[in-house]
Amino acid sequence: MDIFFGQLFTGLSIASILLLVALGLAIIYGAMGVINLAHGEFVMLGAYGTWFLQSQFGLPLIPCLLLVFFMVAAAGWVVESTVVRFLYHRPLDTILATWGIGIMLQQAVRLSAGAELRYVQTPEFLSGSIDIAGVGIPSYRLFILALTAALLALTWFVIQRTEFGMKLRAVTQNREMASCYGINSARIYSLTFAFGSGLAGLAGALVAPIKSVAPDMGTNFVVDAFMVVVVGGVGSLIGTVVSSGLLGSGTAGIAFLLNDTLAKALVFLAVVVLVRFRPQGLFVDQRRR
Amino acid sequence: MSKSTLSRSKPYAQLAAYLLFCAVILAVPSFVTDAFLLNKFARYLALGLAAAALALSWGYAGILNLGQGVSFGIGAYAIAMHLKLKTSPVHTGSAGLPDFMVWNNLDHLPWFWQPFHSSLFAVAAGILAPVVVALLLGSFMFRARIAGVYVAIITLAMLAVVNLLFIDQQAYTGGFNGITDLAWLEAGSVTFDPYSPAFYYLSAGALSLCLLLGLAFTRSKAGLILQAIRNDADRVRFFGYDVAAYQSLAFAVSAGMAGLAGMLYAMVLEFASPTFMGVPLSLSMVIWAAVGGRGSLLGAAIGAILVNFMQGSLSESFLDTWQLILGGMFILVVVFLPNGLSSLIGILADRLTRPARQTPDTALAALSEAPRAGRTPS
Amino acid sequence: MAYLELHGLEVSFDGFKAVNGLDLAVERGELRCLLGANGAGKSTTLDLICGRTQPTGGRILLDGQDITSAPEYRRARHGVGRKFQVPSVFRELTVRENLEVAHSRHPGPARTIRLFPGIRLDRRIAEVLEIVELADELDTRAAFLSHGQTQWLEIAMLLVQDSALILMDEPTAGMTIQETGKTSRIFQRLRGRHTLIVVEHDMGFVREIAETITVLHQGKRLSEGSIRQVEEDPKVREAYLGSGGISHA
Amino acid sequence: MTFTRRNFLKSTAVAGVAGSVGFPHIWIKDSGAAWAANGEIKVGVLFSLTGTTAVVEKSMHNATMMAIDEINAAGGINGMKLTAIVEDPASDPATFADKSNKLVLNDKCVSVFGSYTSASRKAVLPVFEKRKNLYWYPTLYEGRECSKNVMYTGAVPNQQQKEFIPWLVKTFGKKFYLIGSNYIYPKEENNVCKILLKELGGEVVGEEYVPLGHSEFGSVLNKFRETKPDVIFSTVVGDSVIALHKQYKAAGFSPDKMPMASLTTSEVEIAAMGGEYAAGHFTSAPYFMGHQSKENEVFVENYRKRFGKESVTHFVSEAAYFQMHLFRKAVEKIGKGDITPIAVRDATAGLEIMAPQGKVKVDGDNLHCYLWPKIGQAQADGQFKVIQQSSDWVKPEPYWAYPGQSCTKDGLKGA
């Protein structure tokens, strides 16, 4: 019985990591239609930021999280105002431009922080495991689960219950019309992009202690996050949550029954079928043509 | 000259440009004899063919195929299987059985490897297998009127699946190492040593043939309808065209050409590896086509050749920073030159012949617009 | 058995019935005008006939065949041509290329792949070009045409397509008086050889071309007949005049 | 999409001309093959500086360059300077093949030193065999290869496992769970491990391969819980090792009861995961940084002086280091003779050299090296404590698991 519970938790944990990384992408892609292939690199920047703060200033993980959020958000702002700003009417070109940004960020980090793998420490009180129903559940993963839920709530609150969120939704519906009502849509876009990038940085910081921190760690994050957002439905937060749950537990389940390679292949196949039959995603309703 | 004569001369100018390019690449071996350089150029031409194939489906039909590596890889593996069967295994000893099969404890050649003893079958499979895969995937997607970003996502996911399966089935595909130590292709009396002018002519000939056939295809009515589909797929349906059939057609022709490019690439490198079906290479092809000019097969081919040539020479001289330069270049071209370098020439030519007429950039907005106006996160 | 028959046609979007049990019969070669206030379901009816929208109820019979669930391109091959309210042409292609696409006698891919055919304009297209006076814009990209010219181009493409049933959605919107006059002369010549359904607001234009008029109201047929009968029909008066004067017509 | 048909003539003409003028060296004829001309010996250095395996290969690159500088500082070889031509194959097998062609054909290197993964070795192997050049491969690998154009200075399965597996069975128990990355190296090592276990009456309770670059081991750890093995025999490579160790500890397992025994985890991976995640696990390798020997102290001190006091040496960079000195001894042995790749290979056969791990000898038949396998237990400080060391150097047998086959002077015998 405890194996089942252990497996259930593993699925939940994978899902939470997927959601953590996909959240920032959901905001940027959902709200602005910008396909940011450099999203993985922002996750990497978050991880390296944490390593830098820990190794140079000895800051424990928790305070690092906040600092890293703003550092990577600033990086996102710079990227948006220098490059992405020109591409809002050309969604497919953003794929190429952001891929170019990704390559540059990777090489810049490789030159500055070196190509070696970097070590990020888990905080002392979180490095153990807690016995629940006879199974050792890693407490750090519980921490990630809790924090992801909190971030989700924060994001939902910002989008639905704040003035910035209202403006963002207006600009998403119709950028030109929103500008007519005095909303500075350019600034809203920059803020949104920074917010999304900050979330990615936070994901990187949280994931760093349990994954390996290397200049090219971003690539496989961005492919999975992209799948989660598209399957969940463009611009639908609930969709992103449910689809990361589905894809996460699916991967974990198949990996336990078969092996990890087939798990990855089958989940990708599931994405192909899901996008084919529900292109607009699980939670966006049919729009009248 | 008045507008109409200029435009009537346009198709001939384009044909002349294609023929000139073919002449230039076919003339190279007469004044370049360094074996190493010939091999390198042959490789760039093969990649040029892959980019041209992508320009056909993306530039003309608006189908952004992020999984071009699937067709490219299948072509590469088809010819590699044939050439592997022709080499006598040195390290494992058992007669005729490829080394990776011995390592994976296979005692006989699997049935689907048998036909690859014949080079004709291998070459045919290298082109037709990608076409069949493209037709299946094409109708699977286009019957459901999938477009824009969703096509990109599905092709990317298919690429990941194919890559994973090729790596996993090590006994039959050589797994992560791929198929190495290949013999040289023989056709009649000619053996195509990848360091000989003969191979260069094969590569240049294939590129020229495909460019001219591609030009003919795009200049035909079918090509025109594809451009109309890219412009407004729904409107085309109301004129009685089965849009899904046309999109699958463009997708399949592009896959066939990419399969041929994969074959040339595997032969020039003398091995086939799952990295041919990796995300980075497929995305690079998209970038080469964008840099060269996705609207024209020749532009995309030239884009691929230039970028790879620069990448080759940059990575030697700027060991640490070549990736920075490359990434920067991609951004500049995509942001400031939406139609790639070839449009640069077009713009310059415009400036010279008459005052620049500001062409509205609406064309790009219509480029299979992603459903951006999705509902905000609720 | 009329050429086109709609039986209890119905379509609802989230409960709102844009077309609500519509019955209509149009004879071969007839020119039928569809009138009605905004939101009466005129354009939606054209959408249902040409297949742009799938109905939630009822049946569509064209020349005796049930095309209710046929895809757009199969209906187009049966002879249905559609001009849209917002003029929709291929903006990136030249006028010549737009017309060549519209010339869809053999739409199958097998027939359209011809090596180096060169785009030659046959007699049909040349004749249409004279009518719509776009002959000297042949190689201009459609994006550069004026609004009026774009309307004419789309009408020309319809003529080149030579469909048996032509659905026109406000063809004279944004046209000058002379252009409207010319459009009505074209429609007069098309009558008989083609069946036309025209959605229009310009009453002057309707008076010139109309034989029978059908007035729609809230997705249903309100009244049908000659222009005089319709104008005197109390139901029409009450539906329109009652809601505050002629300006709403 | 404005069509680019207009005036395309100009564009191709411009590109064509720029293309041909652009690279002047196009005109030079193919200069004769002078391997060691005008007082310098050219060698290729082919380790990835970018891409997924740059993590390990950078340290191998550093060790090789350090050896070259040491040789040149001591006056070069027979008065000739050793010139390194460095290329970055970017962890991509296709680029490995391309760059090795350049080093062999274009730059006329006498030998090329390079690559970490089996995939990159397999990609370059045909180049060196067709062009009769010599490739020096410092990494442990799966064996079953008998090329006359490759010097293997890394360990083969029999050297790493013949003492390690029995020790593990004796110390911890008979039930083994085999976990590895999904390619030929782990599968071949597991073949050898299964043979050894059968001889010792051991049992394989599970065998699984995860994709390369995999970082989510939740399900695998659950399988450990289910099958309760005594030893986890890990042939996971690259950055997956870090994720596996971190998640192992977080799941509450303890190395005292169920240790992870690896052939690949080295000081580099431990530095990346943090000592506390590696502490208690075992690795079998010919060299550990903590090995007590005069040569090793000098090696570690020079390495740290040059690449920073935090840098670590490990068995793969140690092999990259001593193979360069082997090359030096071979060229010195040739003396005045014509220095060609084949001459270097023949001169290396039977050579001995004092490497940081101890005295190593080259086996003349199969061009592998007699090495000193050791079993080390990782400590929290990131170093290994040597638990057991082989009393004598162990003969390399690339075909140990395949009786009747052996790699001899003139190729494979007993197919």
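Each chain gets a letter, A, B, C and D, in the order it is written, and its residues are counted from 1.
Definition applied: a residue touches a chain if its C-beta (ideal position, glycine included) is under 8 Å from a C-beta of that chain, and two chains touch if they have at least 3 such contacts.
In this text, all values refer to a predicted model and were calculated from it rather than measured experimentally.
Asker: Please name the chain that ends up farthest from chain D once chain centres are defined by their CA atoms averaged.
Answerer: C
Asker: Mean of the CA atoms for each chain, then the mean for all of them together: which chain is nearest?
Answerer: Chain closest to the assembly's C-alpha mean: B.
Asker: In whole angstrom, what separates the CA-based centres of chain A and chain C?
Answerer: 49
Asker: Cα centroid separation between chain A and chain D, in whole Å?
Answerer: 35
Asker: Could you state the distance in Å from the CA-based centre of chain A to that of chain B?
Answerer: From the centre of chain A to the centre of chain B is 31 Å.
Asker: Listing for chain D: what residues touch at least two other chains?
Answerer: Residue numbers touching two or more other chains: 1-3, 49-50, 182, 211.
Asker: Which parts of chain C, given as residue numbers and ranges, touch two or more other chains?
Answerer: Within chain C, residues 52, 92 contact more than one other chain.
Asker: Residues of chain A that contact two or more other chains, please.
Answerer: 107, 261, 264
Asker: In the complex of these two chains, what residues of chain A are touching chain B?
Answerer: My answer: residues 26-27, 30-33, 35, 37, 83, 86-87, 89-93, 95-97, 99-104, 106-108, 111, 155-156, 159-160, 168-169, 172-174, 219, 223, 226-227, 230, 233-238, 240, 261-262, 264-265, 268-269, 271-272, 275-277, 279-280, 284.
Asker: Once bound in the complex, which stretches of chain B touch chain D?
Answerer: By the definition above, chain B touches chain D via 6, 10-11, 13-14, 16-17, 20-21, 24, 28, 31-37, 39-40, 43, 59, 90-95, 100, 103-104, 164, 167-168, 170, 175-178, 180-182, 195, 230, 269-271, 273, 275-276, 293-296, 298-299, 302, 305-306, 309, 313, 315-316, 319-320, 323, 339-346, 348-350, 353, 359, 363-364, 367.
Asker: Spell out the residues on chain B that touch chain C in their complex, using ranges where they run on.
Answerer: On the chain B side, the touching residues are 3-4, 7-8, 11, 216-217, 219-222, 224-225, 227-228, 230-232, 234-243, 245-246, 249, 359-360, 362-363, 366.
Asker: Show which residues of chain B lie in contact with chain A when the two form their complex.
Answerer: 64, 66, 140-141, 144, 146, 148-150, 152-154, 156-158, 160-161, 164-165, 167-168, 279-280, 283, 286-287, 290, 320-321, 323-324, 326-331, 334-335, 338, 361, 364-365, 367-378
Asker: Using the touch definition up top, name the residues of chain A that touch chain D in the complex.
Answerer: Counting only chain A, the residues touching chain D are 2-3, 6-7, 9-11, 13-14, 17, 107, 110, 114-119, 121-122, 127-129, 131, 135-136, 138-141, 209-217, 220, 251-252, 255-256, 259-261, 263-264.
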